[in-house]
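The following pair of complexes shares a single chain, subunit A, combined with subunit B in the former and subunit C in the latter.
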Partner chain A sequence: MIAKFFQKGVSRRKFLGTTASAAGLGLVGSTLPKRAFAADKTVKVGFLAPLTGPVAAWGKPGLDGCEIWAEWVNDAGGLEIGGETYAVEFVGYDNEYDPAKARAGATKLIREDGVKFIMMLGGDTWAGVERVADQTGMLFSTLLPSDLGPETTTLIAPAEVHPVYNVTGVEWMAEQHPDLKTAVICAQDDALGLPSVATYLAAFEAAGIEMQQEPLLFDPATTDFAPVVTKLISDNPDIVCLDTCYADYVHPIVEQLFQQGYEGQIISCTADFYDQMVEKTSKEFMEGFIFQFPDFDDPELNKDFINFKDPNKFFEVYNERHPGEWGAVSWEYASIMDLWAAAAQKAGSVEPDAVLEAMTADGSGKHAFGDADWWGEDLFGIDHALVGNWPVVRIEDGKARIMAYKSIPEWYDKHGELLKKHMADFGQMWNQRG
Partner chain B sequence: MIELLAQTGLNALYAAAYMSLVAVGLVLIFGVMGVINFAHGELFMMGAYTVVALYTDFQMPYVLVVGLAVMFVGALGIFMEWSMFRPLRDNPLGGLVASIGFLMILQAAVSMGFGVRMEHVPPVTQEVIEFSDRVRLPVQRLVVILAAVVLLAALWAFLKKTRFGWALRASAQDREAAALQGISIRQTAQIAMFIGAGLAGVAGALTAPLISVNPHMGHSVIIAAFIVIIVGGIGSLEGAVIAAVIYAFVHTFVTTFYDGVVADIVGLSLMLLVLVVKPTGLFGTADRA
Partner chain C sequence: MPRSLIHVLAWPLLGVFLIALPHVLSFSQQEILAYLVFNVLLVASYRLLTLTGEWSLGHVVIMGVGAYGSALYTKHFGVPVPVSMLLGAGTAALIAMVLSYPLFRMKGFYFLIGSFAAGEIIRLLWKRYREPFGGPKGLKRIDPMPDIDIGIWSFDFFEPVSYYYFALAVVAVCLWIMWRIERSPVGLTFHAVHWQDNLAESAGVNVRAYRTLAFVIASGFAGLSGALMAHYIGTINPTSFDVEQMVFVLTWAIVGGTATFYGPILGCVVLTILNEIVLREMGFEQMRPMIYGLVMILSVLFLPKGLESIVQRLVGRKPAPGALAEPTRMEDRA
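Up next, the complex of A and B:
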């Protein structure tokens, strides 16, 4: 019970509020009406991601988003699949971004909970799960297509093509600011950081931007970023790139850039909780900060080609329930569920092989940011990444705004060889990963 | 290049300051009680979370909150002494194992109460002292440096000039002989735990606006602190301070001129080198080590 409570990541407000109201609820609980479900069956979906620890910001908000997704689906009567109606239930497991715990979690979710699909963050944790996927044939999803390889036949990357979409931010920045000619980059030395470094290096090279230093890799245990920032800005670069640093690193690095007097362009994969960075620095300092993940109240998300259902309402409900916790992954796992639900309905089955077949059969799918293609054999060894357009986001007057949607395949058609070269240099091609 | 060296020196001073506070507290507890307190990093974390709770959430004055953090974390130290270390005094590994359990309890309690994600601590001040365009010292970092100097000087005076300080030193040198002289071992243990934990707490509270505050933030701090006390000599307060300065400067300069991963390797190599050349550490003595 305690473990379950812990896994769900209780917030301070929830903890205090729940404690205060528990007695009252106990008194009246028996008189409350039971919630009625139209569904006659339940399909369980596993959520195997870091819910605690330094990478929790890319797990826990996703589960919170999924709970909203499930509530909307279930309140609407559930999913009609193969003539039966299913309610959807998420079963969370905190892998703490640890491969061994991810393996234990996958086994538990499949054997004990009977899930039909497992969503993961991926990265270091996929290595722990890969054998379980091979043995069981379970359908898994990852946010990191760098997990893909020719042998990962039941792994899909349907939400984001990390880190390849980072090229769109660099491409847009170079178009808008041709005066920016030099860059530096830092990243944590891990499975998230390295492929992203390779991608940014390719994007900078494609844009004619010169790297002033070798990429600065730091230990994920780093707490004081002053030395890192001192080195980064020692040659006065036009651009500081924060790669795919975790939020726990992006914030202190940005604060240090501010305190050490940096005045150039900052580009990053994510800027989770950017309002806190604005508070720690200033609106003026953060003006023009480029990253890749929009707030879902952005009017640009109401365009016809957007496939995510009612993004503005989703953002509103999410923020009501989890104020101040909106992050890069809050919507992503929910968008994967849209794809999964559509495929299950098309297949008339919740079984993993049938859903995968239905999802990828015609080579295209409805990605959150528009129709996209199953892609990736050239880069990942398998066409299991759903790739299309991706937004470029910039902070303007303290608020994230979508500046443009840029095509990832179009960039790759022009500069794919560069990306493969840098990926190979960092040992990140599918045939180099151990 | 001179500006880069100067800025790196200032960065190293800050790192040495907070690392000294943590390491000296750890050494004090070991010296008086003979316990390796694995929960020391979590006491650092509790100091930071006191700031989150009282300064961020309740908007109390920061200076007052730092003082309260010292008292609160110091009181936690007394609780640890009373509930774990005293009953397990005769068990050589008991205190160590109990402290590992306690660190997990603290992490779980903070995770449940505050959530698992990084906490935002608003800046206390955004003032920066500018020596030049590329040499700058944020005032919050200066406060950490000055506070460490003042607190460590006060601790030195306490240990050298007061009766309680003499009692602590006597207990650290020979517990049984100190008891025969009428010194209360229980009282000195409580004082040592209060001061040792309080130093970790004040380090956490002072650095909270500068770092990512999360339930697992104690891990990296305790690893660095162990390296420092091994290099300095387990049981030596002077050694802990000097080793903290050496470690901070080496780690910071290597990070700046090479990278952070190499800096970690160099830091551990430094510890191994000291262990090979002088197994008791730079200032350790054979009987305590």
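Up next, the complex of A and C:
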């Protein structure tokens, strides 16, 4: 099918707040306007992600962040690569999270626009693009390492190792609150929810936290979360885990937890637009909510080991331009561009194979949250995921604050077999897919 | 120019146009053209179903049955792709036959809801069972159509132009068969079942059997369109065949009109070009859902008989004899 359209989740995009007006004001055309700079050449980078529809919250804010990134780079004179100066221009294509459209988009970006690198959200859409990547050798990035496999030699996951970083939140929570002994978990029954459930189960087991119920998997079409929450908290668990639910689910579930009088700990992968959740519930209720994605005005991001350039300023500019739209992916695609730019400069070339070679050559890279290693053969069949530290974030007085940075590799060294066991139980190991 | 001459020239000209078309398009437009061909078959098969007066909300799921069937036959049994496509279409028809027993105990709105429920059951089964359906992630790395060398012609079916020609040939044959069915006594009986079912029954027509026949044939063609899609994209998942996709098929049929054979096809072609090419090229990438919705509302308000009515006015003719029906619209069914 080629088509998906307005029916798809107009209400879901309410979390983006100003969808129509934003589209009308700032997003008419998804390529950057050309700017005046001293660059000799322009290198084009493709942005192939959902910009409309229910998954747009994990695409559009990323493009907005990339536009800021490119503006900063271009204003500074561009990128020095191989003795020449390049301006960076993003070319967007809305794949609507549809594999067929993703394939058409990849074809356009590669064969018509001449991009040298394509960033994707991944997931279902990667499957539509995989053959194009095979045939063209184009370098792609994904936010979902579950797309990786031994044959995906031109695909990298340099920003987030979803869902493996979720172990850091559980580990930190267990250290800080050893009194929390029982947990329940719910997730949408889809490609994003299931590997995350497996990860949380492993993390809870590693932390000695007992699951009170089987994971509650709800249909992605669910709109009434009252019965879901009623069942979830029926045994009065110490912890309610919201897995990697879309914002459309996290918000109503949290509202239901509030309305049904839950008073325990909540942990989640994301809490996009958490200020709206605070408004709908209360500061007191949201106090202590643990998740994994910081606001970039956090002072903890100014530490020396952080590789993301000027995160506080980035956050400020982003919020000026797109108020109320900061989300989990706002900085991620931009951080991938930092890695790409460094690799292109190291390679002295913007060609995909040279950049990939330079990026992975010494087995390590500068992740946004500190130096990290190319890793993943054990879990994904290929060492194309950049893994290091990940922040644990908690809401305090209505504001997200980084509590600690925890090491994913260290956790994996201790509990890797546990993770593999749960991943295998859910059919999520690379050799169990498709 | 005499009408008969136009008629004689029209088909060869259309053929030349369709053969030449991909060569004047960009690469991404060629991709869209290939998908358009699958969708033309899908929406044309949907019209065949509506001839008997029943509108289904499960047609896209039936398309998915063909896609899953064809993919699984190649994956697990090593069946050659062209054969598996036909088997996928047959599987879709077979499933439709099974579904027809409960569904055709209902009519009108109840059939509509029943077809939705049946479709959802099938879709949820795909999600529930990772073996063999792949669960929520669906099936990936579906075998592609094997490349073909015929003398000086070489067809690499990864390329959209090659696949377009292949799909065009398949769809042309299917459309011809559907057109012949509609013009045959069977097709006329479909119309009779729609508009005068009591009269038809009193004349000895087994109304339920004819409704079932239309449902099964339409499902077979829908299944074939799914199979064509699956082996081109290389991946399918339950979301690819959800009710949102069905809304598109309904939109194409409603905007195009269903009184003529070409009405839904026209709707599909015009709306796809608008959504995928015109709006994207104009830079309205992220406003497309809003504009697309607006166009649909305007067309329903100001073109209640669909785009086909414009064509009829231009060529100054009424619907063809085979299409006895007035435009069959959802609101008529209510």
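By our rule, the second predicted complex is superposed on the first by the 399 of 434 C-alpha atoms of A that agree within 3 Å, B and C clash if a C-alpha of one lies under 4 Å from a C-alpha of the other, contacts with A are read in each partner's own complex, and residues count from 1 in each chain.
Rule of thumb we're sticking to: contacts are C-beta pairs under 8 Å (C-beta built on N, C-alpha and C of every residue); 3 or more make two chains touch, one makes a residue touch a chain.
Please read all numbers here as calculations on a predicted model, not as lab measurements.
*Asks:* Counting only touches as set out at the top, which of subunit B and subunit C does A:A76 meet: first, second, both, neither?
*Replies:* The answer is neither, since A:A76 touches no partner chain.
*Asks:* Now for A:A191: first (subunit B), second (subunit C), both, or neither, which partner does it touch?
*Replies:* second
*Asks:* Is A:T52 in contact with subunit B, with subunit C, with both, or with neither (first, second, both, neither)?
*Replies:* Once the two structures are laid over each other on A, A:T52 reaches both partners.
*Asks:* Using the touch definition from the top, say if A:A100 reaches subunit B (first), subunit C (second), both or neither.
*Replies:* Only subunit C is touched by A:A100; subunit B is not.
*Asks:* Applying the document's definition of touch, where does A:K60 land relative to subunit B and subunit C: first, second, both, or neither?
*Replies:* A:K60 sits against subunit B and subunit C alike.
*Asks:* Same subunit A residues contacting subunit B and subunit C, which ones?
*Replies:* Comparing the two interfaces on subunit A, one with subunit B and one with subunit C, the shared residues are 5-6, 10, 51-53, 60, 189, 219, 221.
*Asks:* How about subunit A: which of its residues touch subunit C in the complex?
*Replies:* Against subunit C, the touching part of subunit A is residues 1-8, 10, 20, 23-24, 27-30, 51-53, 60, 92-94, 98-100, 103-105, 107-108, 111-112, 124, 127-128, 130-131, 135, 189-191, 193-194, 219-221, 427, 433-434.
*Asks:* Can you name the residues of subunit C that touch subunit A in the complex?
*Replies:* Touching subunit A from subunit C are residues 26-28, 30-32, 35-36, 38-39, 60, 124, 127, 130, 134-141, 144, 158, 160, 229, 233-235, 237, 239-242, 244-245, 247-248, 251, 271-272, 275-276, 280, 283-290, 292-293.
*Asks:* Quick one: in the complex, what on subunit B touches subunit A?
*Replies:* Subunit B reaches subunit A through residues 4, 7-8, 11-12, 14-15, 57, 108, 111-118, 120, 122-123, 126, 128, 130, 133-134, 136, 138, 141, 210-212, 214-217, 219-221, 223, 251-253, 255-257, 259-261, 263-264.
*Asks:* Taking the touch rule as given, give the residues of subunit A at its contact with subunit B in the complex, in rising order.
*Replies:* Those residues of subunit A that touch subunit B are 5-6, 9-12, 15, 51-54, 56-57, 60, 189, 216-219, 221-224, 226-228, 230-231, 233-234, 247-249, 251-252, 255, 259-261, 273, 276, 279-282, 325.
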